[in-house]
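First chain A sits with chain B, and in the next complex the same chain sits with chain C.
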Partner chain A sequence: MDFLRPASWEEALAAKAEHPSAVPIAGGTDVMVEINFDHRRPDYLLDLTRIGDLYEWEAGAEQVRLGAAVPYTQIMEHLRGELPGLALAAHTVGSPQIRNRGSVGGNLGAASPAGDCHPALLAAGAEVEAQSVRGTRLIPVDDFFTGVKRNALAPDELIRAVRIVKAAGPQQFSKVGTRNAMVIAVCAFGLALHPTERTVKTGIGSAAPTPVRAKVAEDFLTAALDEGGFWDSGKVITPSIARQFAELASGACNPIDDVRGTAAYRRHAVAVMARRTLGWAWESYRATADSTKGGAPRCA
Partner chain B sequence: MGVTRIPTSLTQGSHTKGAIGESTLRPDGTLKVTGDFAYASDLWHEDMLWGCTLRSPHAYAEILSIDVSQALATAGVHAVMTHQDLPAGTHYGLEIRDQPVLADDVVRFHGEPVAIVAADHPETARRAAAKIVVEYRELPPITNEAAALAADAPVLHPHRTDSHAAHVPHPNILHRQPVTRGDVAAARARADVVVSGDYEVGMQDQAFLGPESGLAMPAEDGGVDLFIATQWLHSDLRQLAPVLGLPEDKVRMTLSGVGGAFGGREDLSMQAHACLLALRTGKPVKIVYNRFESFFGHVHRHPARLHYEHGASRDGMIQYMTCRIVLDGGAYASASPAVVGNAASLGAGPYAIDNVETEALALYTNNPPCGAMRGFGAVQACFAYESQMDKLAAELGMDPVEFRRLNAMTQGTRLPTGQAVDSPAPVAELLRRVKAMPMPPEQQWITADESGESIDVRALPGGLSNTTHGEGVVRGVGYAVGIKNVGFSEGFDDYSTARVRLQVIGGEPVAAVYTAMAEVGQGGVTVHAQIARTELGVTQVTIHPADTRIGSAGSTSASRQTYVTGGAVRHACELVRERVLELGRVRFGSYHPAWATAELLLESGKVVTDDGEVLADLVHVIGDESIDVEREWRHRPTEPLDPHTGQGFGHVQYMFAAHRAVVEVDTELGLVKVIELACAQDVGKALNPLSVLGQIQGGTTQGLGLAVMEEIVVAPDGKVRNPSFTDYLIPTILDTPSIPADVLELADQHAPYGLRGVGEAPTLSATPAVVSAIRAATGLALTRVPVRPEHLTGT
Partner chain C sequence: MRVNMTVNGRPQEADDVWEGESLLYVLRERFGLPGSKNACEQGECGSCTVRLDGVPVCACLVAAGQAQSRDVVTVEGLADFAKQRSTPCGGHGPGPDAGDATGGGAGRADRADGLAPGISISDAQHWQAKPAESASPELAPVQQAFIDAGAVQCGFCTPGLLVAADELLERTSEPSDADIREALSGNLCRCTGYETILDAVRLAAARASEGA
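After this line comes the complex of A and B, so read on.
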């Protein structure tokens, strides 16, 4: 196994073009586990830790351009306002040591259905900035996951950054594991309210071969909120709407039975998380809507 | 005892700093916390080779052929060995030598060692092992009781010669122990209330953090020196020497840094493999398992299926109990026979029940071998009988704690084995105390902030995963109590050896304590120094590294080391003290009449009368002498259980702990947060109170793990599905509740200082207490541990 250590991003792209089988490594929290467990023995490891740009982020008006190697700890500490869903998800990743090293770029590169970031990115809306010596392309995160641990990157491409839509409304993230910390997801659910567009977007983790959006549930809820005038009134979402949203979210799952949980449990848990995260997010929306309207009573 | 009166009262040494009863700190504590402690996995020799094990991918298969030619041809490879290459003995085992050092014509479990490789780099060894071509013919594995005991079941060990073979009803039953007492049929006829239940316990792993590791060095005399992390040097030695074809004095073992054990190091793992490769290559060979291999490299806790029936009269008195406990021993015997003995003899729990019919047995199957783990057969039974106690109390409409107290054993109660418990058995008192502890406040997740109320998800089920802000959360409270034997039972010659030397070094009296006790984290190194200070009145004590140049200390298991090796150290110290006083009489006897008459003590480096008058400095008494005593020491003997009735004086001592669990369950998602696990335990005498608390906290947490998360999942084909810490979950600090402990010290007059073993009892009762609390929160029956979200949500 050769260890390639490019000093710059250009060198990294050139190395990846020359050795398309090279596996990029930054924090190593996933790749090293794979190697230690003998799940794979790549011919080349492409070490990205000398490329400082990958550890930077820029918050623009509409988006945050998050360097591929920015550790989860930084997201939790500095981007909670811009990326609340992702910050919540980042906090559920591994242990403090893992969060100091692991990154969204690595999560996307591994493309595990259980990756904690994915539901948050799907719900917020994001593009993966893929680069190669051939140039740059932006892959919508909805199109990024192509199979179990497979993604849309070409063999010569590296993830430079992720462009994530800045939150204009409340976001939530919830993950079920059979331990109260440091646990891989049995299933996970991300939800983002987009008050400007008056839409709701979601992401489901670990309950299908890839991370997926619950589009039918989103469409139902978007329509129901619109028809009921909920965005304007800020009234409490009717339990029947929440329930139906939860059932539709559950219906978007295509889970398996495995050592971490049964398919039936995953469907059940996604429904519970969908209902609860909607409740929390909507409660926050109502609170902000109330305060901007100047102190209307909080309780409907 | 000779002409000298030996002061044996507890007053000896009580004025010496760092004596028993003080919470002296571990010498290795800071090193371990800062990462500086040298574990066996840190062993290094410049010329060493790395060993690697090729393991079976099948649970049950014939080996048709093994081709090692490509592996041998790999550059950097020094040796490849299979069963064919073994120089002498081919099998080993704790009690029954049924386990092949390397598989011969058949593999009996997923992960069984088939070949070993030594190479100059671990990666080279690994790649070479992957080039070994093994041709298998897969056989249908036996993975449950029905398959094992079927009339046409293949016999997994066809040529048994062990002592249990003659009395088992089926050759795939390794050992079966019935225990019968009283008249169950008559008692059943008069019982007003009868409850029965089927219970199941999953396969728990010891999950020690330091994986199996050791370094074998070939010696010029044709022998081998092995530096090793183990639980019992001499048991390893007894099994190793015949495999290596060497006399025991040519196999020299030294304990290396041990990263936890919990029973999982009682069997051999890589010991024989490293020594064989070292002797074959003439070079030092190191083997260290990674986490994945560790899950295949040691035995686990027996998974069990248990059927229990209890009958009681309307006034709440238990009239009888019956049970059948089926333990899955897996492919090889390991410690299974002794685990069966414990399950059978302790299966009724800490209750006074006159009419009992119990039966415990261990199966041979093609599942992973199971053996010793903290609690050792008593854990599985405790989950079942405590579940039954709740069920009986509910049926009788009684408070579950008061019902238990009503039926609790006391000193003098006879166990189902007929053995009277002849030391304090404060079962009812422990329950009373644990119930009387203040309850943790409700809804601890609500924390006040500026805006009024805020949620701390860390205090809720799901923790940082942010699954609830209080929705669906229901609190439950549950209780349990257990009984565990201390030390080796059923007639085992359970002794230890200690050598104590007292001399003046640098103008100070210094005691050196030398035993073969494996320090695996239990705190023996601290306790032995405290005993030496207490008995010899010195402050400077050196603890010699453990090795096999001294006699056996027995196993660091069964909560026995403070009792047995501590007892041996104390005994050797007493003899040293006797010699000191003899010396003193010779040298100074004429200066003070008290030398001849008074009860003399050694305190703070001086010989003093029992009135506190100083007669001489130890330094002057000892002078240039080196007072050196080595002795074996035994606890009082036990006897085997009758093979048909289970009657007999089987155990030397018992320990008791009770727990109250407070849990909060997210009833919609089936997630559990244990809020508090209060414990009350009788320890006889706390030699090191801080260590005692550590044992209670650790044992409690391991019991919590079994209750809600820890399980090795074995597929129907006998293959292990979760051999990693990604999927074999152990409690994190966020899963570990506060553990208030109420420690009783009721002396056992048979034991040194009145002490009682401590480490295992809290592991027993924590599990059923947590499950009882989850039942209280959910109303579900919950007959299996670990409890999974699926069980709580009906999915």
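After this line comes the complex of A and C, so read on.
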């Protein structure tokens, strides 16, 4: 095994081009587990922790360009306003020690169906900035996951950053597990309201071979909110709409039975999380809609 | 490969380090610092928690080469680390103001005051279990609180908990129970002595605010 220590991003891309089998390592929270347990013996480890650019982010007008190695702790502390769904998801990752090291770039690189970031990225809308010595390409996160622990990166590509749409409305994230910390999701659900476009987007984790959006549920809800005039009136979403949305979200799952839960449980839990996250997000939307209209504060 | 780093204020060097080796292995087997414990090797248990450039991390998930030129504090150096932090002129450690609000790297611990905290390798190698002497000056406040609260049972999880708890008290002087539970959520105690561990952290926090 060789340990490659590029001092700059250009050196890292050159090293990856020369050694396409090199395994990139930043926080090490996935890669080191595989090495410690002898599940993986890469010929080359490509250490990215010396590349300062990967640990920075820029908040533009429409997007946040999040460096691939920005730890979850930083996202929770500094990007909750711009990326509320991702900040909520980041807070459910592992433990403080893990969140101090792990990053969205690593989550995407591992491409586990249970990765906590993925539902939040799918719901918010994001592009993965993949770079190689050949150039840069932006891969929509919807097209990024190609199979269980497989992604759309070419062998010579590295993830430089993730470009995530800044939240224009409330976002929510929910995850089922046996305790609050150190849990791999049994299943997870992300939801983002996009009031400007008057759409709702979702992401489902750990209930299909890859993270997926519940597109049929999104289309139904977007149409129902539009027809009912909910965006303008800010009234409570009727239970029948919420129920239908939840059932359609459950229908987007293609889960398996495994040690963490059964397929039937996952389908059920995704429906519950879809209904709840919609309720929480819509309550926030109503509260902001009320205050921008100068309405009286609502009683609890 | 050769790896150099600063451990508990002292420069350390290891040769013939395997490229897939963890920082934890280097600390325990090459530097003779067995305080950080090796248990799950997958970041689940927190027994190997150390400070890497001031940040609490699982040493089992840091590749040795990633610690090159970095600053590591282990439980063996915790007393000196805490002492240095509480000395007004020694404020060079990665304290609460070391965070970088604009993003970017974590604060580095610069030992600009020339102190060399930490115990020597030979002391660590010849360390023997014996009852703590009363009012021992060698303990960090959080360590004394763990003893006084009876928070040590088998002791295997204790080093990781001490490092995590010390970091919590460094950034939060009056932590709520929720703060304590969250800060220690990555540390497992298989004796399940969690209640006394929480007591110990509350005790250390109370003593610190009395002394302040």
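In this text, the second predicted complex is superposed on the first by the 295 of 300 C-alpha atoms of A that agree within 3 Å, B and C clash if a C-alpha of one lies under 4 Å from a C-alpha of the other, contacts with A are read in each partner's own complex, and residues count from 1 in each chain.
Going forward, contacts are C-beta pairs under 8 Å (C-beta built on N, C-alpha and C of every residue); 3 or more make two chains touch, one makes a residue touch a chain.
Computed from a predicted structure; not experimentally measured.
Undergrad: In the superposed arrangement, does A:Trp280 touch chain B (first), chain C (second), both or neither?
TA: first
Undergrad: Looking at A:Arg260 after the superposition, I want to know if it touches chain B, chain C, both of them or none. Which is it: first, second, both, neither?
TA: A:Arg260 sits against chain B, while chain C stays out of touch.
Undergrad: Is A:Gly177 contacted by the first partner chain B, the second partner chain C, both or neither?
TA: In the superposition, A:Gly177 touches chain B alone.
Undergrad: In the superposed arrangement, does A:Gly203 touch chain B (first), chain C (second), both or neither?
TA: After superposing on A, A:Gly203 lies clear of both chain B and chain C.
Undergrad: For A:Gly85, using the defined touch cut-off, is the partner it touches chain B, chain C, both, or neither? Pick first, second, both or neither.
TA: Touch status of A:Gly85: no partner.
Undergrad: Examine A:Val186 and indicate which partner it touches, taking first as chain B and second as chain C; both and neither are also allowed.
TA: first
Undergrad: Can A:Val272 be said to touch chain B (first), chain C (second), both, or neither?
TA: Touch status of A:Val272: first partner only.
Undergrad: First (chain B), second (chain C), both or neither: which does A:Pro211 touch?
TA: neither
Undergrad: Just which bits of chain A does chain B share with chain C as contact spots?
TA: Dual-contact residues (chain A): 33, 36-37, 180-182.
Undergrad: List the residues on chain A that touch chain C in their complex, please.
TA: Counting only chain A, the residues touching chain C are 1-3, 5, 25, 27-29, 31-33, 35-37, 41, 45, 47, 49, 52, 55-57, 67, 70, 74, 78, 94-98, 100-101, 180-182.
Undergrad: Spell out the residues on chain B that touch chain A in their complex, using ranges where they run on.
TA: 126, 290, 292, 458, 461-469, 471-472, 668-671, 673, 708-709, 713, 721-722, 724, 726-727, 729, 731-735, 788-790, 793, 795
Undergrad: Which residues, counting only chain A, touch chain B once they are in their complex?
TA: 33, 36-38, 88, 91-92, 172-184, 186, 259-262, 264-265, 267-269, 272-273, 276, 279-280
Undergrad: If you look only at chain C, which of its residues touch chain A in the complex?
TA: It comes out as residues 1, 18-20, 22, 41-44, 46, 49, 55-58, 60-63, 65-66, 68, 101-105, 164, 182-183, 185-188.
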